[in-house]
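Here's a structure for you.
Chain naming follows the written order as A, B and C, and within any one chain the residues start at number 1.
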Amino acid sequence: MWFQETLSIRTRGRGTYALSEQVAATVRRSGVRTGLCHLFVQHTSASLMLCENADPTVRRDLEVFMARTVPDGDPAFQHTSEGPDDMPAHVRTVLTHSSLSIPVQEGRCALGTWQGIYLWEHRQAPHRRHVSVTVNGE
Amino acid sequence: MWFQETLSIRTRGRGTYALSEQVAATVRRSGVRTGLCHLFVQHTSASLMLCENADPTVRRDLEVFMARTVPDGDPAFQHTSEGPDDMPAHVRTVLTHSSLSIPVQEGRCALGTWQGIYLWEHRQAPHRRHVSVTVNGE
Amino acid sequence: MWFQETLSIRTRGRGTYALSEQVAATVRRSGVRTGLCHLFVQHTSASLMLCENADPTVRRDLEVFMARTVPDGDPAFQHTSEGPDDMPAHVRTVLTHSSLSIPVQEGRCALGTWQGIYLWEHRQAPHRRHVSVTVNGE
């Protein structure tokens, strides 16, 4: 059994956007009880992340880490046509994840208690992002 | 054909724990000859890694790299409720992998000669970790 | 429906090698219309990457980032038996991706407009690399 749909997320610029509820709804619609749920972000300047879902300072600290490790306006970068956050957004995407698979058990994503699914927008400006969701199972 | 089970790994604190044999046994139990084996760690402070399996200094050096790139006790982090290794464990998890898929060919994981599967515990204290394994194929 | 084959890529040393066309051909050969295409690199010193496919300076800048973050000849590393790029190649592999899944829609990989699939060779010397491709769907 295969079920595919595309989530559309309007971001307000750099930051993390919770996807767990939308993904859970897709899995319910699929009717799959046992299988896998696959997410794929169709962009090279936004990514997917599984992250602690209780304390928002975790995601704030992740931004702090990335701002230090891959700072905007890095003079070593040549690909700057879309601004100082252009190339850092590509690096952050490569360091995190474009695709992610989660087991489906008893009709639900088998996430751990503290795991949340997030889209991570790496550009400073708002964007519309597409995440393709594929649910496969029986 | 779908086969799911959960591995339980008792860690002794930060470090890497070989999973290749347990995963191989799960694939054998599944009866799948051609397909995929998917691993998923249900935590946000431990991760999965494919790594050189012959020389243990590779994994020692990976710890050295992480200790320098994401040091414990980083004063920039606010999420410190569980101690100086709390937030670094989340960052290390995001920089590595929560899910991993390996092709199954002729009833076995088609790993390269030097590839081993490891659970990477990022917390200093021992933990019990759960890895969900899904084998799908024919 | 399952379809597996192995791509063989002869690299000329460190750098990125476009795989999108070879993967597209494999998906066509599979006959799958709706499903997933899974890639797996059977090495621990080369990895997979989805990256902006229009401007080659993006991939040049990614090399610059990695050369600074994981420099060759790092004196902290003990695993140097194959030279100064040996351990850095393992670290770069762990920081990027050994496996990658892409949705298949209407018989094609549903990549975003700017997404290209690349093999990233992390060793300085030329190598022959194997990427296992599994297409599953209906």
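Note that in this section a residue touches a chain if its C-beta (ideal position, glycine included) is under 8 Å from a C-beta of that chain, and two chains touch if they have at least 3 such contacts.
What you see is a predicted model; the values in this text were computed from it and never measured.
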item	value
Angle of rotation relating chain A to chain C [CA atoms, steps of 5 degrees]	120
Fraction-based call for chain C against chain B, same above half, different below	different
Where chain B and chain C are represented by their mean Cα positions, the distance between them in whole Å	20
Set of chain B residues in contact with two or more other chains	69, 95, 97, 101, 136
Footprint of chain A on chain C - complex, ascending	34-36, 49-52, 55, 57-58, 60-62, 64-65, 68-69, 95-97, 100-103, 105, 110-112, 114-115, 136-138
Of all residues in chain B, those that touch chain A in their complex	2, 4, 38, 40-45, 69-70, 76-79, 81, 87, 90-91, 93-95, 97-99, 101, 130, 132, 134, 136
